[in-house]
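Each of the next two complexes has chain A plus one other chain: chain B in the first, chain C in the second.
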Partner chain A sequence: MSHESYPTDRKNWNSILEVDSLSVTYETPTGGVQALRDVSLSLETGETVGIVGESGSGKSTLALSLLQYLDDNGQVTNGSIQFKDREIQNLPKVELQNLRGKQIAHVPQDPNTSLNPSLCVGEQISETIREHEDVTNQEARERMHEILKTVRIGDPEYNAERYPHELSGGMQQRVLIAMALSCNPELLILDEPTTGLDVTTQAKILDLIQELKDSFDTAIILITHDLSVIAETCDRVTILYAGEVMEQGPVTEIFNNPANPYTQGLLAAIPRVKEDRKLNPIPGKIPDLTEISDGCIFAERCEFSERDCKSGEITTEVVDERTNHQTRCRRWSDAIEDPIEPDIEPDRSSASTSSEELLKAEDVKKYFGENSFFDQIFGGEPPVKAVDGVDLTVNKGETLGLVGESGCGKSTLGSTLLKLLDITDGEITFNGENINSLDSSGLQEFRSNAQIVFQNPHSSLNPRKRVGNQLKRPLKLLTDSNNDERHERMSELLDQVGLDSNYASRYPHELSGGEKQRVAIARAFAAQPAFIVLDEPVSSLDVSVQATILNLLSMLREEYNSSYLFISHDLSVVKHISDRIAVMYLGEIVEVGSQKSIFEPPYHPYTRALLSANPDLDPNRESDRVQLEGNVPSPRDPPSGCPFHTRCPQYMGAKCEHQEPELKTIETDDGDTHQIACHLDEEELADEISR
Partner chain B sequence: MATEKQNSTTVPTGDTLVDRLKVLIHSVLSNRRCAVGLTLLTPIVILTVLAPIIAPYNPTETHMGAQLASPGGKFLLGTDHLGRDLFSRVLYGGRSSLLLGVTSTGLAMSMGVPIGVFSGYIGGRVDELIMRLMDTLMSIPSLLLALLIVAMMGPGLFNAVIAIATVYTPRIARVVRSSTLSVKQEEFIRAAEARGESRLYICFREILPNISSPVIVEGSIRVGFAILTGASLSFLGLGTQPPTPDWGYMISTAYDHLWSTIWYWLWPSVWLGATILGFNLLGDGLRDVLDPRVEESKVM
Partner chain C sequence: MHVSNRYLAKRLVYIILNLILISIIVFGITTVLPGNAAETILGRYATPEKVSTLERELGLDQPIYIQYIDWLSSFLTGSWGTSFQHNRPVFDLIVTRGARSLYLAVITLATITSISIPLGIIAAVYHDSKIDFGITGVSYLGISVPEFVTGTGLLVVFAGPVFGVFPAGGYTSISDGGIRQWLSHIVLPVTTLTILSIAHLMRLTRTEMVDILKSDYIRTARLKGLDEKTVVLKHAVRNGLMPTVTLLAMSLGSLMGGIVVVEEVFAYPGLGRLIVDSVTHRDVPVLQASILLVAFVYTFANLAADIVYTYLNPRISYGGSAR
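Take a look at the complex of A and B:
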């Protein structure tokens, strides 16, 4: 990688973008929000700079101000933005239009809404080319096909004629990147290019960005909340917090030798696949940007802060002249000396989990699209087989992780297990009783024992009810208690999830995302359930909040001795919290085993692909991935035989295509039950596969 | 309701509700459409309510020799073809028109809202059945349907209210159902199902408070339409019965004297137009004010 050898004299470098001391304020009825303050950034030709920050850090504002595309109420109050030694602020409209798209290209965040649904994608790209360059239609089309080839879209002539909805999310993202590259821009701004994509798709996009870096000499700004994406692709990184640059420098320096307590805190809050460790959340929350107090913006949440941190102006200090590693911290030398590092976590004692079965699912099937009356007359489509024959057990006190990409049926399975959806076929027993044959009192008993926490904290609380009432309601419904007892229990619950008792009288919109999720968790725990389905409970939260919630969940698990079904697409998170893990693909479980055995060979080929696609925080890791070809087949019409055979790198032929593999048990040393559904034998599953 | 009361005593409540109301009133007044709508409606409503005090004459009292008088002199706004004071008649006429508009809308809401919420939440075949029924009703032009119902039940104010309510019920049910469908997707509804709430509780305690904004907006716009339909029925002689004054009926009789005087048909038309415009503007404005997206961007 190029960041190993930095020349000592940076003046020799050909700087393409210089942002100097940029400040942006948004005018709001409640006062000016100072979204960016004193942000400086420089970018050389061919360099890739990552900008990381949690929500509210101002990273999107930065991207928009680079494009001169701020909302009407946003205003640059100070500083300069120079693109190729030319100030771009207050450029006339015509010149600005020429700059955008032609010289500075922007890849917006959501491919779903960024492409025009009523034009085929090829046309959208050639339109951009025609707009900025004096070319004939034919030339524009040829260029467009070439560009599509560059972003690795197979059969460009065919795919250029597709409409956006006919392409997968990953393909749409490629088209957007192609559109941005179509006029050979000198600066490419990628805004969260992999957010919302599955890990295997994300891996492909990251590889593509890597390739583009090598083949074009475009400078790239990559904006993301995900540090591992930065580690994989960038040369330099800028850490933003509450509108200020906390630290910037080469990726290897920042990740291996962070010199700012905030960076250290972030790195310590992320669970990793490679090691078992405790998570250190960053206490507190992001400050209100309408009133900026003196001193360091992070001082309130910082472990190293002392009194003088809260006064005066904090300037950027140079950590290493040679690599231009800078930090905005007075105590950075203390921070380097005694960095915030999480402890290695001892293995969760197996004592807390028993081998007593709590929930058992046998051959569970859930099909959607039971046809409506009219569909039946006119002949509808076949049903969607969201869950197609799943066997699963959850023991008392155990956490079972359920991983899989979007659309694999993991959430449907979670809801079906709780009888939130009617089961199509199969049997679910809870505490030895079939939940389908429960009478109304039995069902109430089951409801009080089996609860769920959802992904989106903003939609899981009723916006029109006070937090306290929302916590008391399940108590009234599911427990035998009087009003005083309920009130007491509600206070206890708030306390357990780390919220002050005055939260009881608040409405959900007065709470932050993390706080809402705590309330949702408290609500699920209200009637002391034995089993909780956690449906992606941390995926929409910031890293530091995610760590808090994960720790809270572990704490509550000990407290109540509950079992979890932890559904997530994030392998690192699942590894962190689970005792056993099940891997799901197209409605079927393809591998299940102890947390350890899933991450060690032998692997199911799909698990292997997932693991290799999972981005890592180690910037030195060589990219060495198992690439999955093609898209996930439609669950309306799943492939015959092994559901994975259409994409499997270890595909063996007719047997995979025609015979459905059973889950077969793999012997392990420590007596874990490790099962893999694959026709390959154990050695083949363990072998390094040659590519 | 009981739980709400308990909480206000056990939980130290902030002034959030009062604050929210203050914010609401402020934003209603600072919204131009709302403000214009209210400016139109307030005097009309006040004049109508205070008609017995303000009106100089009995609205049914005829003054021979002063038929079709021009405004001014003894009669502020002139008289009609029977010499009745137009000012008094317009004031009293508002009573039946407004009463008809508000009660028929209220009745339509009390039928349409539960149907919409229930149908939207239950979904499936029940939903399909109810909605096809509503579609059938909606496919008949509203005035024609109202005419049909009044023709069956006989003319009169009360029957006109029933007819208009029946005409508007499917429209309100449609709007409420579509709002319900979007709220139904929210995870707090699934959380309520997971703790075993009854359908009734989910419909009316979880969903209804969250769709109150579109319901209020729909209602306020509907009042205007209902008055219009009521006026049409009266115009055709099927609503308010003479000699009781009513704007629609007044316009209908003024039609015969269109070439003799403009005042007779002008006043009830102006009153009717202003009322309908007022309710429509108020509804439009409320839609902006109560739209959560607008609210959020203000909070930001």
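Take a look at the complex of A and C:
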């Protein structure tokens, strides 16, 4: 069922779900958190509605209240939820059981923890069928095999007998989708179905959802924080902020003519692969939901807000009756007239960077699990080749982006370059000095010059130390300074990362995720290092906060003239911040070049697949993905020859299998360096490939 | 199914190394103790000449490592020597006494398991309710009273003049007195040990089950529309019992300690009393053999627990390839 033209006469559709002014409150020791307020939503058979929101927006609460599965301290304080014209709140236990799984099915966020680890996946599916349908065990099994085929799991007889840990993350998610579809539900709720999966896996799951939309007549609610996932799959979208619906309407309308300052802000905060532009963060943070002030919930952070926005009740206004586009904003016509749009970023390539080498890695290897004494006696397993022969240079003042999927060795490489892990083989020189042969004072010097920011700010800050002391500590260890100087530098650092000086006396738990990451960044910059490894520094942050941190990092780089190694799985983010980019697969660099050259042909086949898997914010784009077959091979036993040959869509045969390709330089017009490790010639690397 | 031969071989090597280490310690302690075997055998008034002659005969004048190797090799070939105190071959003595203690241990483990696991599950399902507080409270009462107090209390009540249902102590074998007699001597010691150990196991089961009942896959199971009984018994219990199995094997160690005390209280002639007696009477061969036996049982119980674990938890596979 497709919706090329949006139906104008909506009355012909069968409404399957009607949520009317739903409000949910969680009782907490500090007061009632009003997680959802006046949320209305309707869904028709065969329709896919996306619900987007940042953390704290109440999107998961909404999903769970549709299933009547709120936490014990959560309570619906107002509103109704009608499923097929029947109120589902306070249903008796037995009827609720018949509803769940049979009529409303749920696909949870984290496939790894959402399957029972000690039951075979097949049983977990057929159990659902036996519960809801009048079938024999044999019939249930047959249907289970059938449904596994539907979600594109090959060899269902074999795979049904697997335990969850024997399947990859993508397969686990397919199993959960199969489980949800097993009783032909009328409503399917997908809660962040691709979060935590690699881009190539995410792309496959999104394609699967697309396929299911066409073959099943199920209404789908897709909950996500990722607008591009919505753009790819949904018909309509509901934007949630701090428990309220800010805007809803058809996807094309919302993405092309957003009529709410919050929606506009979100769209302007996201870096895109297609265009270079500045990021506009949304200032401020999500309000405390224990006390809701009068007026618009977004007014404090809104650039369109005027005095009257902060008083009275803000009602939903209709933007376009025909498409049922609604917004909760008094200034929406102002917003449409003069929307928030980021500026195009001037080309910064080679502006600030020199060609002077700062760090050089030659044939760096890092293996884990070298054989122990007993393994030698009994024959142990081969070591994990996390980094397997990497050559890399980082120039002064440059940002080198490092992309690759989980398990490719990018974080290990980052830690090895900083000597946080001991190198197995190879050579790393920093400022012309081999860091392996440093004595203790040399190492001290190196540490003050090379720092790291980790992905998770919640665990990388000491919970028992005040922010100020955490910033003074590296100064004490790495610089020659007295107490007053350290105090002064600490205040300066806080100021530079945009935190008020009173943050010095706070503990990490009093800070939000974005604020903690600012502290972690300030700590890394304390001793004015020349080189900083940023290991997924924005991955755990909401988009509006992510934009702030990315802008901050750019600003600090100018200020200190530092070099970055920016590690990320997110191509758009890497493209936004990097001068040059290296693409890593199974412990090896397969392509490296200027930011521009990576995103333009010729491509390494793996880069091509990554790029095409990256979801796009353009709802009109036709899906034209290069799909990678199979799973990433084990780094204990990497394939011979080219590491990518087992999955490569442009695989040529024996040569790829037996001969390892060297990085070869591709000539570019503007003198950029661009290297690709592939046996294909330049033309084949640039050609459109047939699928 | 999940245990490879290589893993088993590896574990066996560790166990053997472990046991050798224990044997060195046991041998070391018993030889280093003041007063050697010759003096003990000959008594307080032996002349130094007689002592040194006997020392030569017993090989006590040899360097200590030769003594150790001699001792270990005769031990391994089954000649465990003769008990000074009982004048019986140590082997026979330990087998008879060990079997009696084994009855106590096995029956106690069975009762602990069948009482504390269901209680733990119930407490978890009714988490934070009156039922939960009741179960947890009573089980704590048991753990906070030492076993000699519980044992004596039980003796006074059930073997005392008021009820007098059970004998106050001693032991009758099945062949001598029939199964009823045999059981009547075992009930009170087992009850004492059970009361002591229930809290640990119950508490662990409860904590684990509470966590699991909050887990994502339990939510998945509930949201598929399964009834709560299936959710708990099929989806939660299997995962919830894994730490319990490990604790069961480890509690064998503390059970040994409990058995020593309880056997004293109930005058139960098992291995525990034998150890205590041989310490007081400096009956070195018995002491060495019985401690080694306990160590042996303990290490193999842990191995057994690890193997049972793999059947409960398919994620753990020992030694084989990761996938």
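Note that the second predicted complex is superposed on the first by the 675 of 691 C-alpha atoms of A that agree within 3 Å, B and C clash if a C-alpha of one lies under 4 Å from a C-alpha of the other, contacts with A are read in each partner's own complex, and residues count from 1 in each chain.
Methods note: a contact is a pair of C-beta atoms (placed from the backbone, for glycine too) under 8 Å apart; a residue touches a chain by one contact, two chains touch by 3 or more.
No experiment lies behind these values; they were computed from the predicted model shown.
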item	value
Touching partner for A:T28 - first (chain B), second (chain C), both, neither	first
Touching partner for A:T128 - first (chain B), second (chain C), both, neither	second
Which of chain B and chain C A:N116 touches, first, second, both or neither	second
Touching partner for A:Y158 - first (chain B), second (chain C), both, neither	neither
Contact breadth on chain A, by residue count: chain C or chain B	B
First, second, both or neither for A:L99, with chain B first and chain C second	second
Which superposed partner A:N462 touches (first chain B, second chain C, both, neither)	first
Common ground on chain A, meaning residues reached by chain C in one complex and by chain B in the other	374
Chain C partner contacts - residues on chain A that touch it in the complex	67, 69, 96-102, 105-106, 108, 110, 113-119, 127-128, 131-132, 163, 165-166, 176, 179, 374, 377-379, 381, 634, 636
Residue numbers on chain A that touch chain B, as the complex places them	28-30, 33, 372-374, 415, 418, 420, 443-444, 447-448, 450-452, 454-456, 459-466, 468-469, 472-474, 476-478, 483, 487, 502, 504-507, 509, 520, 523-524, 527
Chain C to chain A touching residues, read off their complex	6, 9-10, 13, 215-217, 219-227, 230, 234-235, 238-239, 312-315, 321-323
Contacting residues of chain B [partner chain A, same complex]	3-4, 6-7, 10-14, 16, 124-125, 128, 185-188, 190-191, 193-197, 206, 209-210, 298-300
